[in-house]
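Same chain, two partners: subunit A is paired with subunit B first, then with subunit C.
Then we have the complex of A and B:
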């Protein structure tokens, strides 16, 4: 276990940035989101949840795939450059680290998504334990320990010190780069902090939510439930829940007319949108109820069916905080639990 | 609140209305959701408190298409949106039974500066207190009701309902600010400062469309930004100017029709002060054509859809800068 004074973090970030691109929670115009670090960045490690999850670091909201340009009567195709330099994402919470594991199962299984794989290969995750969990958190339900996140390096803020524990080869390499700034530390203080975090987690209102009845079988047993019809009605069909979610992974591929060709890019899509998965014959989901049901069954039934029972919700609670109509996955889970169906 | 439930029950039981559009209890006092109630039994989940900020007028577009009347609870400011939608033939007044409900200012949970909030006491209706007691995982604290109010309540349009069939409860005019102060501040900026300001705010946009979908003035069956027939359908930005284009086009489209209900800013997950665009238009309309409030009355001819010989000439815009 190593540590560094909180007041020296600016030096640590500068040191990391000497050899790596660095992304971390930055406050801009009043809101905190993951962004590239520079000397002037207003780094914010106190806000528990960034508005958007850090999934942009590996799966950006919008990214170029390739471009086609007319050149002397021919078409020149230029592939987008893949990530080939190391980068560090600092300050990812335990739920969001699990979110990346959820994305891995989608993008790293065959056929492998080369754009995502390149970022995962070169990305180094420095996770950050949650000192003060919020009411909307329910990561415990999915077996996530906010006091002991996964990651290449795990960090904790205890008092005025940041504790640093390298867990993987990538993490050790990064540690070696910044070793001169870190000092040996006593792990006992971290253990005490973990106890404190876990005791708060126990008191959260949704820490003991039952997932009974969810999983692969729910695709059959809950698909036709009348409960969906009651639940979806306040839904505005906006994409807030999907765009703040650390595990939503659907994307659309579009062409941007550059005047001399096209730039093909992909961007996050939302199952809440009316043209989601639109095909030549039309749309296979024609009502908002169906779109609403799709989102929750994807998280709680379809994804587990394809991934050995792993849920694709990590309990970060961003949808709980951000839905304009206050609908969310917790209410969905509880509504089915209440009905016992 | 019981008076609202009793009245809704009576109207449902008598068959005068087929459903009730109101707010349903959440897991907590602050996460109430807009909801339809089809039977007196379902009304046991009905709630009306300080967190019922959602403007139900927009839900009346869909409800207007259903059989039978819908009882809808509207706060004073919501009634402007309802009138505007009636004017635009998007809702049918005949299909609505409007209970104008009292309002003492609505709250935004994000405005309560406390972590781990478990409960907020003092937000009940009709007895909203001046001080909210906030119970949290990390201790209790007190917050003034005013400090937790939505921005729009600080520039409250007043306690009068513009349209209703009956009124229940008292309203309070919570206005304690200048509606155009922020706009004037931005107007006073240099072009470079203005650009930097909007750049920093709008670059937070995640294109979730919450502002558009909640907006009672945005009632197109198919939005141009959803149409896959044009290049305008974008879910993300291909160029850095795109999110600005989306918001500026939207502001132009609702100009003269926006009632300044503030729903866009209430729902924005990134806290972008979207209402400022609309207010700039309102301020300009007021100064060019005389004070105008969209939705104050039905079938009024708005300044941008009307022609008068003494209208301001377009060149005034060039002169004004």
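Then we have the complex of A and C:
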């Protein structure tokens, strides 16, 4: 276990940035989101949840795939360059680290998405334990320990020190780059901090939600439930839940006319939108109830069925905080629990 | 050779990523019906774009216009080119119909599973049932079976369309399929028409009239209403759901089960389909 004084973090970030692109929570216009670090960045390690999850670092909201140019009437394709330089994402919370593991199962399964794979290969995750979990958090339900996140390096803020523990080869390599700034530390203080975090989580209102009946079996048992019809009504189909979600992976592929060619890019999309499945000859999800059901069954039944029982919700609570209709996955889980179906 | 043309270490057969297409030259366009054209594509330098299996699909793209999934209608036994039979019904297909031989488009694939021509269908009597443009996906299987005639038993092809003018691949049907030993072609059109002395009536009712025995595997493709009534007819004739195959079609963007569009419950039509047996279809939630 190593540590660095909180007041020296600016020096640490500058040191990391010497060899790596660095992304971390930055406050801008009153909102905290992951952004590229520079000397003037207002780094914010106190806000528990960034508005958007840090999934952009590996699966950007918008990214080029290839460009098409016409040369003497012939089409020429140039593939977008893959990530080939190391980068560090500092300050990812335990839930969001699990979110990346959820995306891995999608993008790294056959056939491999090479854009994502290159970012995973070159990205280093420095996770950050949650000192003060909030009432909208329910990561414990999915077996996530906010006091002991996964990651290449795990960090904790205890008092005025940031504790630093390298867990992987990548993490050790990064540690070596900044070793001159870190000092040996006593792990006992971290253990005490972890106890504190876990006791807070134990008392959170949604920490003990029951997932009984969810998982692969729910794909069959809960598809035709009348509960969906009662639940979905306040949904405005705004898609906010999908854009702040660390595990939503749906994307669209579109063209951008550059004036002398076409740039093909992909961008996040949302299964909540009415044109998401629309074809020239019809649409298989015409009602918002169907789209609402799709989103939650995907998180709680379809994804687990295809991925050895792993849920694609991590309990970050962003949808709980951000839904303008106060509709969210906690309500869905509870609604079915109450009915005992 | 550009970076895009190197074969990908992760994804054999594709150049770097499955989302990056190949340039394809349209070498021939045949007008099949008033709203269906068949496009023949090859590499600009000649030769097939890729190898595929009967029933597989590919993404066809006109840069700046759109991209969509189409079944590959040519048989893998064709060693020179691939063909797509495309009905004019949206922005992209409208544009494709305005193109000419010599124009270039983009194609990526192949995607999806295939009809089990080398396993479950091998040695069987086959009954193909198609309506309208849905002959396109079946044509790749039919021609595969015709080119490997010794591997299959009796072949019946029941194909219907709105009118005689809407029958796709009519020349090949009449010149090749009808003249292949052991192949029986049953054509029908919805309403009587001058110059047509063949059967008149919808596909499901003609299917009942033909009264096939159940010693065959059926492959059924067409508009949902036709599928529904043909399936009912097959059940009445005593066919088990395990004996009937179909293909499903939903909106697709990536083709590899990642963009989240084409799932029906836990199955992605682009990756786990498009070919399904009806006992597998029955397992899916009712959302297709």
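Here is the rule we go by: the second predicted complex is superposed on the first by the 340 of 341 C-alpha atoms of A that agree within 3 Å, B and C clash if a C-alpha of one lies under 4 Å from a C-alpha of the other, contacts with A are read in each partner's own complex, and residues count from 1 in each chain.
The rule is short, and it goes like this: a contact is a pair of C-beta atoms (placed from the backbone, for glycine too) under 8 Å apart; a residue touches a chain by one contact, two chains touch by 3 or more.
In this text the structure is predicted, and so the values were computed from the model without any measurement.
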item	value
Which of subunit B and subunit C A:84 touches, first, second, both or neither	neither
Which of subunit B and subunit C A:203 touches, first, second, both or neither	first
Partner chain in contact with A:18 - subunit B first, subunit C second, else both or neither	neither
Subunit B versus subunit C as contact partner of A:257, first or second or both or neither	both
First (subunit B), second (subunit C), both or neither touched by A:135	first
Which superposed partner A:334 touches (first subunit B, second subunit C, both, neither)	first
Touching partner for A:29 - first (subunit B), second (subunit C), both, neither	first
Partner chain in contact with A:269 - subunit B first, subunit C second, else both or neither	both
Subunit B versus subunit C as contact partner of A:278, first or second or both or neither	both
Subunit A residues contacted in one complex by subunit B, in the other by subunit C	252, 257, 269, 278
Subunit B - residues contacting subunit A, complex	24, 26-28, 30-36, 54, 115-118, 137-138, 200-201, 203-204, 206-210, 212-214, 222, 226, 228, 231, 233-239, 266-267, 269-272
Subunit C-facing residues of subunit A, complex	65-66, 68, 73-79, 106-107, 109-115, 117, 216, 219-220, 223-224, 249-253, 255, 257, 261-262, 264, 266, 269, 271, 276-281, 283-285, 290, 294, 297-298, 301-302, 305-306
Subunit B contact footprint on subunit A (complex, rising order)	28-31, 33, 48, 51-52, 61-62, 132-135, 200, 203-205, 233-234, 236-240, 242-244, 252, 254, 256-257, 263, 265, 267-270, 273-275, 278, 320, 322, 324-327, 330-331, 334
Footprint of subunit A on subunit C - complex, ascending	2-4, 8, 10-11, 14-23, 44, 63-67, 89-91, 93, 104, 106, 249-251, 253-254, 256-266, 285-288
